[in-house]
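Chain IDs A, B, C, D and E follow the sequence of writing; residue 1 opens each chain.
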Amino acid sequence: MWVNMGPQHPMTHGLWNLRVRIEGEIIKDVDPEMGFLHRGIEKISEDRHYNEIITLMDRTCYVAGLSWEHLFIIAAEEALHIVPPERAEYIRVLSAELQRIGSHLMWYAAFVQDLGLTTPFLYGMRDRDLILDLFQTYTGGRLTYEYMRVGGVRNDLPLGFTARCRQVVDWLMDRFVEYDRLCLSSTIFRERCDGLGLLSAEDAIAYGVTGPMLRSAGSRRDLRKDRPYSVYGQLQFDVATANTADVTGRYLVRMEEMRQAVKIIRQCLDWLDDNPGPVMASQLPRWLGAPYAPVGNEAYLLKRNYPTGLGFSMVEEPHGEAGAYIVNDGGEHPYRVKFRSPVLINIWAAKRYLPGYRVADIPPIMGSVDVCVGECDR
Amino acid sequence: MSSASLFSVSDTIAAWLLAHIAYVFPPPVKGWLTSGDVVLGLTALIFSAILLGASMINVIVLIWWERKLLGRFMDRRGAMHVGFAGLLQNFADGLKLFRKDTVRPTQADELGFWLSPTAYLVTSLVIFAILPISTGWNGGSLPLTLLLALVIFSFAPLFIFLGAWASNNKYALIGGMRSAAQMIAYEVPILLAVVAVVVLAGSFDLTTIVMEQRNYWFWAPLFLALIVFLTGMLAEMERIPFDLPEAEAELVEGWNTEYGGMLFAFFMLADYVRYLVGSILVVLLFLGGWTLPSYVPSVLTSFPLAGIVWFMVKVYLVFGVFVWVRASLPRMRTDQLLRLGWMRMVPLALLSVILAALVVAAHCLPVLGCVPSMGG
Amino acid sequence: MKRDELAASLTARFGDRILGVDAFPGLLGRVRFDSTIALELFRAFRDDLKFVHLTMVGATDWVDHREVFYVLWSDADLVYVLLSTNLPPDAPTIASAVPIWPSANAHEREAWDLVGVRFEGHPDLRRIFMPEGYAYHPLLRSFKIHEPEDLEVKVRSD
Amino acid sequence: MAESGAQAPAPIPGTEQRPLLWVTRPLATAARQFAKSLWRPSTIIYPFERLEDPKFRGEVAVASGKPIGVGEIWDNYRGVHALNINTCISCNLCAFSCPDVCIEMVTVPGGDPKHPKKCPQIDYGKCSFCGFCSDACPEGCLSMTTRYELSVHKREDMVYSPARMFEVFKSKLPMNPIRVERPKNEDQILLDPPICIGCNACSRDCPTQCITMLDIPKPTPKPGEKLAKRIWKEPVINDSDCVRCGTCISVCPKDCLFWGTRQ
Amino acid sequence: MSGQVPAAPKAGNPPAAPAQIADMPLEVIGQPGVPFVEIETLRAREFIPAAKEALSSLLKEQAEGKLIRPVFNWAGRNSLFPLHWGLACCAIEFAAAFGARWDAERFGVVPRSSPRQCDLLIVNGTVTWKVAHKLITLYEQMPEPKWAIAMGNCATGGGPFRTAYSVVPGVDKLIPVDVYIAGCPPRPENMLDGILRLEQLIKERGA
């Protein structure tokens, strides 16, 4: 019997449909159906100036907007041959790591609610609001930031931000203990999660699964270590791994990643305190868009030499490895923008890790994938 | 303890009413109207009305209590803007649901779709007729009140399954099947735990069971039975660690997926009626009912209706425990739930029966001083 | 591994079917190859060069051809490499990489859906984002999105 | 078990907590939170309390009374625009910079009849609150305030006319204190002298009046050579006043003005 | 109480009374000479729809009164159950509004998962053409009285994506919308403000 779970289903946390073939309670086959939120972001990007695409990046992954801005910015700077100042890089890494905590808190809230435990949803959202407050302080937005620009970031951190940020992450460190008490210390939680959704490292690599799902299988693959982009090479942190390859393992990896993110954030804050400087590269062409108005017409296009280039970047996003590929054929707009969404592949690999379990196991297993449909469908 | 009882109050009201009504009628009718049978009939009616009204109000306050408590567990406030502290929120919900359109899916079975919510609510409400609230404040005093209450309590899966099947929805059907399986499985540990109480009290009559607790409440010797009974009640009431039939994450709303409007309100009300009944049973069986320990100063027990007040306080606190559990535990899976029921709860319940027997035996040993009233 | 070594080993094996190994910022290189040797090349990359991870499959619509590119990751060398091949625009067909890397499945469905590249041997080549039966491949350059003015709902306060 | 179960669940490294007596620890955690939030949960009673209120200004008392949170978050929030009509120079830069094409320049009273004054009108049904327009505004007259309540019954009410945004400006809401400084090394507007016909269009339409038409010497025609039919004037652009709005480029009939860097 | 429950006319009998009543305008029913239901023609199977019709028309008559209507209006506007459905970015702020800091449950707003139990559809995100008919189905599954809120710019007018090939430029092309909330995404306070505005609307216009 094929059962449709979605697109309006509390389990999906967004718009996608999981078609499940069940025999009794046992799952025999699954067929994820995506595309309900396909907004044509790659197509719209071909009609926009580079900095204007950033507004789309926030909405591509709405729980990790700054991570996706970072991804796009790295690729765009490569394609346009622009080097940002180092302080901007540090601010970007700080933002990306704060965003990682925010995204994982959102995941925690949604995942535990799937198990029927409603309290941590409230705790997770409450503590995520503190992160969003920090973002609002320096970017001006709660969920859609439009903060990074090609060649730097929009503005420097406001005064007193670093102290406040330290206060918040200290407070969050205590909350992580509380989360573990609510979940890991609960026999029912462990019975629901242990040994579910097993996906070995070999299978994960073959099926393209990345991020916490891969690391929970014992793999130490983390692009921040393996291929240090931005200033991650200068920061000290560990790769969070687990060796159970199941739902509990993914929970542990994400919790440990949040603690490591706090570690990175503290280092970034120390560096930022000591090293003032510019946050925007000089000599930027005005046709990039904001903060300049991209005033262009035919005359402007004809009398100007544009650089051409290809940009490619991979970023360890909270959900997995996200990629961007930009073709700059010498124009105001990119010729082609292609994104790799980790969530699309992670969901699609459900064909591998879902069959054999029961219907009641679908919410915890799919919850541990951390689905963000916006970036999956783009 | 007040000497008034619910029956005497309704009897007084009925007699007063009939006397005034009969005043305008000629003597033969007047005589018939004031005869004992008519008064008794009207008494029964008034009695039921009072009971129904009181229990409904309690149920609605119970919903409010849960929302507020749950809010505090979750670091938020819960309903607070409708009425004082949100007290009127649930009345608004009920009125709105009453006003709302009720849609029956075209494929649904008509009779079952309409019948099951009503029957579910009615059977749940019937239990109130035999539950003693305080001395004399119960409807019927039968020798087997406890068994009768539990029997009526276990009608529920029938109607839930009927409603789930009738609404012709995959999610609802799975929810209904889970509900039936779970309720039937947890009857056994509940009844065994009750057996322990009965062994200790020596009676199936709830009033007697409460009166037997005047020396000490039964939760102390029967702690195991209390745990088993609470767990079993959680499963019977389908509350959170065991709310598989309504598991939101996999079955949209469980067996009431297709129900809206007044029928949904019936289901909700009946659920909370069952929560109330479950809490009352816990209080009656293990927490001494309306009695208070003897060291409590008599000021606290001598005001009018003190029994009912203390009883309700206990009931709401017990329900608070249920809410606490809901706020801190995730949901189980069907197989784990059944395994917990059969492999953990049944042995524990058997153990508690043995414990109860030992306690009774200890009372009867001459060395320790036999207490005949313990029913051994 | 260096780009020269890669180029040498590939040329030794595939001859002139390897059209070139270019530099690419941040990557090991960009291998341009003839689409006829796709499967053998993929197999060589996975088995011999240990590029176990297929990261991205995409396609670009150029004026006179359609380019399909693959991004691979090597766990041993910690590098990315980009393979790219050109297909004729009227019948863009290439062998599917699913037998080599199962993760190509979703990527190739996406490339078929958006750019209209047909992958032969794909087990389940359906549209993934657009509804089944949609007539266009939206990321082709010939497909124009609406101008904002087309949709303008003229509303005006006061 | 799943067929993919290549690894059995191994004991997890000892960072985490093991279950203790079934469920006692989560129960205790919830009870602790209950005790903490009994008096004052971290809820903000929204219509009566607001995060931007002075009482929350210094610190937001979220998380059960423990004062933590972000203080002056509100000044930087990007909400409804405020427009100072008086200083607006109708340069169109906000409309150019809008990625969502939600700004339309509409005529407002106050301009001279030949050159009507145009100010931005924003449709909040399309605006994505990115702040690019206020970044681009050269005069600082368009900025974003902290007002966020924007729910309406009718779609038409979402369009904010210049007058309405001027009212927002007059209400003295906090506006974004963090402004992006104008770039110092921007492109300049250059002139292709042989093409110019001296038509005065650029100087006439320049919103900042920074273009002056200067006379140039009329060359003496060589015998047989025909002089171009033109006015013998050339625009000279005052760079310090120029806001780089490109109006001159777009009105130039001969495309003789272009962006570039002066050597 | 629409045509979901049609009373099948029996063969040989005149058309059953409930069907007639359903066709009559509401003002006619209940006037002298027009019976509610012709009891004689009722069979057991037809009783429930007929009783429902009679009850509902009675209720509507009563609701015209000065006393009942404000009460139901008060109840209706103070207990709005939105559908638990997340589309895109605004769904995150929708969830945040139910979080601890804003706690939309204070107003009696409790999200339900089944459209049968909802009376408010909050379209919180971009609606694509692929999901449009599902949105309409969900809206139609909700029983009357019902309202819809377009939350955020994508639902209001397509937002930044309205030029794309797959996006519905404004959800009011599919379903009637009562309140629009601007923002990209709107803050949780803004969403609560929208709900309060809807309550105001119900108070003014009636349920």
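Note that in this section a residue touches a chain if its C-beta (ideal position, glycine included) is under 8 Å from a C-beta of that chain, and two chains touch if they have at least 3 such contacts.
Predicted, not measured: the structure shown is a model, and the values here were computed from it.
Visitor: Which chains end up together, and which apart, when subunit B is taken out?
Guide: one piece
Visitor: Applying the touch definition from the top, give me the chains sitting in contact with each of subunit A and subunit E.
Guide: Expected: B, C, D.
Visitor: If you average the Cα atoms per chain, which one ends up farthest from subunit C?
Guide: Computed centres place B farthest from subunit C.
Visitor: Looking at every pair of chains, which two share the most C-beta contact pairs?
Guide: Answer by contact count: the chains A-D.
Visitor: Just to be sure I understand: the centre of a chain is the mean of its C-alpha atoms, right? Then which chain's centre is nearest the mean of all of them?
Guide: A
Visitor: Please flag the chain sitting at the greatest distance from subunit D, going by CA centroids.
Guide: B
Visitor: Just curious, how far off is subunit D from subunit A if you go by their C-alpha centres, in Å?
Guide: 26
Visitor: Round to the nearest whole Å and give the separation of the Cα centres of subunit C and subunit D.
Guide: 37
Visitor: Roughly how many whole angstrom separate the Cα centroids of subunit A and subunit B?
Guide: 48
Visitor: Taking the mean of the CA coordinates per chain, how far is subunit B from subunit D in Å?
Guide: Here the centre of subunit D sits 61 Å away from the centre of subunit B.
Visitor: Listing for subunit E: what residues touch at least two other chains?
Guide: Within subunit E, residues 99-101, 103, 106, 113, 130, 157-158, 160, 162-166, 170, 184, 187 contact more than one other chain.
Visitor: Hey, what residues on subunit A touch two or more of the other chains?
Guide: Where subunit A meets two or more other chains at a single residue, that happens at 9-10, 35, 38, 40, 43-44, 47, 55, 119, 122-123, 126, 129, 144, 182-183, 186, 188-189.
Visitor: When you check subunit B against every other chain, which residues touch at least two of them?
Guide: Residues 71, 73-77, 80, 248, 252, 327-329 of subunit B each touch two or more of the other chains.
Visitor: Under the definition above, what is the set of subunit D residues touching subunit E in their complex?
Guide: Per the touch definition, subunit D meets subunit E at residues 41-47, 50-51, 62, 99-100, 123-129, 148-155, 158.
Visitor: Taking the complex as given, what residues does subunit A use to touch subunit B?
Guide: Interface residues on subunit A, with respect to subunit B: 3, 5, 9-11, 25, 112-119, 122-123, 126, 182-183, 186, 188-189, 191-192, 358-363, 367.
Visitor: For the complex, give me every residue of subunit E touching subunit D.
Guide: 100-103, 106, 153, 156-160, 162, 170, 172, 178-184, 186-187, 189-190, 192-194, 196-197, 201
Visitor: Spell out the residues on subunit A that touch subunit E in their complex, using ranges where they run on.
Guide: 7-10, 13-15, 35-41, 43-44, 47, 55-56, 59, 62-63, 106, 109, 121-123, 125-126, 128-129, 142-144, 373-374
Visitor: Which residues, counting only subunit E, touch subunit C once they are in their complex?
Guide: 129-130, 157-158, 162-166, 169-170
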